[in-house]
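Letters A, B, C and D name the chains as they come in the text, with residue numbers starting at 1 for each one.
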Amino acid sequence: MPTAMKQPEEIAAYLNDHIDEGVLGFVPAEVGQPWISVAPDTVKKIAKFLRDDQELRFNTLMCLSGVHYPAEQELGVTYHLHSTTLGHTVALKARVPIDNPRVQSVESIWKTADWHEREAWDMLGIVFDGHPNMARILCPDDWIGHPLRKDYVQQETYMGVTTRF
Amino acid sequence: MLEFLENIIPSSPVALVVFALFPMVIIIVYALFAIWLERKVAGFIQDRLGPMRTGGFHGWAQTIADMLKLIQKEDIIPKDASSFLFKLAPFMIFTASYAAFAVIPFSSGYIGSNINIGVFYLLAITSFLTISIIMASWASNNKWSLVGGMRTAAQMVSYEVPTIVTVLSVLIVAGSMNLMTITEMQTGNDIMGFLPNWFIFQNPFLIVAFAIFAISMLAESHRVPFDLPESESELVAGYQTEYSGMRWGMFMLAEYADMLLLSLLGATLFFGGWNSPFGTFMSGPIWGFGWFMLKGMLLVFVMMWIRWTLPRYRVDQLMHICWSILIPLSFVNFVLVALWEMIF
Amino acid sequence: MQKQLKEGYQTFKSIFIGMAITLRHLFQPSVTIQYPDVRVELPPGVRSKLYVNIDDCIGCLLCARACPVNCIDIETVKATSDVDLGKTSTGNPKRLWVTQFDIDMSKCMYCDLCVYPCPTNCIYMVPEYEYSEFDRKNLIFEFSNLSPEKVTEVKDKLEKENEEKNRQKELAQQKKDQEKKDQETDTDTDAGKAGE
Amino acid sequence: MTNQITANIHETKEMTINMGPQHPSTHGVLRLEVVLNGEVVTRVHPHIGYLHRCFEKYAEAMDDYSKVIPYTDRIDYVSAMNQEHGYVIAVEKLLQLEVPERVEYVRVILAELQRIASHLLGIGTFGLDLGAFTPFLYCFIEREKILTIFEKISGARLLYNYICVGGLMRDVPDSFKPETADFVKTFRPKIKELNDLLSYNQIFIDRTANIGVLPAEVALNYAASGPMLRGSGVSWDLRKNDPYSIYDRFEFDIPVGTGEVGTVGDCWDRYMVRVREMEQSLVIIEQALEQMPDEGNVMEAVPKRIRMKEGEIYVRTETPRGELGYYIISDKSSSPFRVKVRAPSFVNLSILPAISRGALLSDLVAIVGSIDIVLGEVDR
């Protein structure tokens, strides 16, 4: 049984071979780590493949982060995956336009995504389709705006209390 | 002592009141001392010093200062609380503790009421504690209080059984329910030539009885490891959560009074009450009072020592210990005590 | 039954072990430091309160820029040419009046980041920790030693000098322009002449 | 008819109870909405965010990478050194910066000392949650010694801002080595005392064994890390499995939960993993003290100005609470474009609803205590 540790390039190639659509390409980085770009509406399928495939076996989602790219008018979600059995890691990125920020939820694949996705919704306003409880997690439920967007303007008062000090 | 008071005080009702208030003085002085002692014991066990500043020597006036603070505090009654019961509960709990002191023979010269069913009266009147705690928890209209109150009810009702059975074992040996008579029976140093005639030395099975009594004593007075009713890390403060100021102080006072009461009961039943451990040496009403309080305080100290050592049991484990260990054990022990008495 | 007995034995044994430990600690000396009566000596370099040796400050604003929470507020006025502010103890020449140097200790996060960039080492932490106040405003420490009159004086002076300079500049500019114009006309005439 | 009436009388209702945000054993401002059936917990909803301080927004707003470090201290204020260490490693990797030997050793020693200090707090408060007050203060006496060492080298007791990009803010004093060695020597017997007093106390075992069992499968699916994962019997430690800094130079064991007194992955296992990790940290400190070079300029590699290239990195380090990840996206400016913190407590806490179902209210306290959350890190 092949259980070798894979480099991100190999994983990208492997994904390209096995998945018909959704894998948009491998992006090497000048500094730091490379990532694999994926389409937001195929995230769940790819995630399931990544978890269940015997060559990959990504059994943990280390981190799920939302990012705002103001220049491109886009929001992005980065998934950092890791396999404790094989020891390899990979980063996936899905980019969505800011006026329709919908990404598939991976909560059913890695339970840990539950709170991470809620945080990404709270902080950046990314909607995860298929998440059971898409509620704000850090801010109060009736907070206005998504604080981590680069163009965020803080509301003046909250429940009659000024938010500035 | 009542005759003595009636001799020096012309009006006999006043003498009676003074006579009756004597345990109150003891309780208050003891409570002030015991709370200070608790802090000191806690401090020294934890390599700290405890209160040091109020009053001078090792912060002896700390509890007095605290009491003054409690009296001055605002009396808060929650809006949705049942106001009458809420106000009544702290007084009732203290009354119950205080009333129980009536049958405790503090020395050969003082017992509040020398009735022949003293033990029975004491066990009956302490059940009021349970009622008043439930009253307090229900009236507070607070969920944490309610959980605490329910735990208390279960705990105190359950642990009354082993307490009563062990007390019964002593009563077999003593043959009397009058605590004064029980104490008088333990006078003298006859066992093996030097040991005092205390019940714990008279019958080996009474040692086991005392162990069971000590455990139930901890549970009855809600001390660690059985302090579930007010377990602060789970239930905030249990039934005391909504109380503040002197009302809360009354609970505190009652709790410490309860500790003393059970310790003194233990001292009376097992350790010879006001009898001196050295026979006639240093005996007499005044010395007797000293010995009695010393024995009681030693037991109180052990309770404190245990408190600052152990974690707390869970509510189901508490019940398990009571119903499936202590109660069967105490019954078996009861029979063994009786057999020993029959044979020897 | 045997298991339960064993467990009971374990319980009592562990309780007595624990009680022996606490009893031992009961007689061990305490570690408490009776604070207001006894004070621990703080190690060198402890970060408790910011202090500015204003005589050495050259008003370079490096500390204010390094502060992550913007708790340092500095205002400087350029010294006029007729005053010499001297040099700092490290030998750097001073060219600016530091009219305001406020540190808001209620905002400060004691990170020490302002201390490192200072070229004259005039801002540093001192081991003083008893400066609590009832009013938050009292936690703003003003280090500038200039009186308000002096501040207005130096500001006026600078303004005057600036006006003077501006006027001179304008004059010079006008002169230049004039010259330029003259030249242009000259060149024009020259050109005209040349064209003729 | 009668049946109906009796049914109505005996109908029991579930009670919703609010544990926190002001509660003695939620370790800060965590609010648990607990649905109780009697004393049995049927559902738990953690509500977090009461301590949210917008760390990520602050990090983006700072105009320098090094200005973020004081803020990283405040993510998990109980183990500030580890937080700084992780962030600095991430920035250094982005800068492709080599750090002097001496700096690496000092950093490792500090990180391990901080791990002990943090575990002492975690163990102490866990005991406190179960009603044992005295072990808590014994732990604090020891923790205080570590904080005194930290105060001597960095000038602060809790939030150090000591590790900086490329080096250390100041060199360690000469007394650092002997004092640390002394601490290691005096601390070993204290662990034994703690075990006698608390770990192997039968009441403590009764309270924690078989409670809040977290199976390894669930733990991995929830991406639990640190003692939480190791307590479930998974031998996973980033210091060994994905070595960063110079951890590959040391010999040490990874303690895992064995189900010694109950089931693998119960509260006692998680607790005991922490106790044993302290011993392992002592082993690492001893080796590091031996190997540490005595001379060396700690400011040697510190860049004057941080000039970043475009790129991104996810760096994870092993803090006392688990895997701390910093996801940093850099652009050409001098401030980070995006900093995301993958806080171990945040992830570990999300398991709480799954493992506390069917427990008693008192067990819930034990479970929360055994997760050892720091709310500063959960909410950031």
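Here is the rule we go by: a contact is a pair of C-beta atoms (placed from the backbone, for glycine too) under 8 Å apart; a residue touches a chain by one contact, two chains touch by 3 or more.
All values derive from a computational prediction rather than experimental measurement.
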{"item": "Contact-richer chain pair [C-D vs A-D]", "value": "A-D"}
{"item": "Between subunit D and subunit C, distance of the C-alpha-averaged centres to the nearest whole Å", "value": "34"}
{"item": "Where subunit A and subunit C are represented by their mean Cα positions, the distance between them in whole Å", "value": "41"}
{"item": "Separation of mean Cα positions, subunit D and subunit A [Å, integer]", "value": "25"}
{"item": "Mean-CA-position distance for subunit C and subunit B (Å)", "value": "62"}
{"item": "Set of subunit B residues in contact with two or more other chains", "value": "45-48, 308-310"}
{"item": "Shared-contact residues (touching 2 or more other chains) in subunit C", "value": "15, 18, 21-22, 25, 31"}
{"item": "Per-residue overlap in subunit D, given as positions that touch at least 2 other chains", "value": "134, 138, 141, 197-198, 201, 203"}
{"item": "Graph class of chain-chain contacts, one of line, ring, star, complete, other", "value": "other"}
{"item": "Subunit C-touching residues of subunit B, taken from the complex the two chains share", "value": "41, 43-49, 52, 305-306, 308-310, 325"}
{"item": "Contact footprint of subunit B on subunit C as seen in their complex", "value": "8, 15, 18-19, 21-23, 25-32, 34"}
{"item": "Subunit D contact footprint on subunit C (complex, rising order)", "value": "7, 10-11, 13-15, 17-18, 21-22, 25, 31, 42-43, 45-47, 66, 68, 109-113, 116, 125"}
{"item": "Parts of subunit D lying in touch with subunit C, wherever the complex brings them together", "value": "62, 64, 66-71, 134, 138, 141, 144, 151-152, 154-156, 159, 161, 169-170, 193, 196-198, 200-203"}
{"item": "Touch list for subunit B against partner subunit D, complex", "value": "42, 45-48, 143-144, 147, 224-225, 227-228, 231-234, 236, 308-317"}
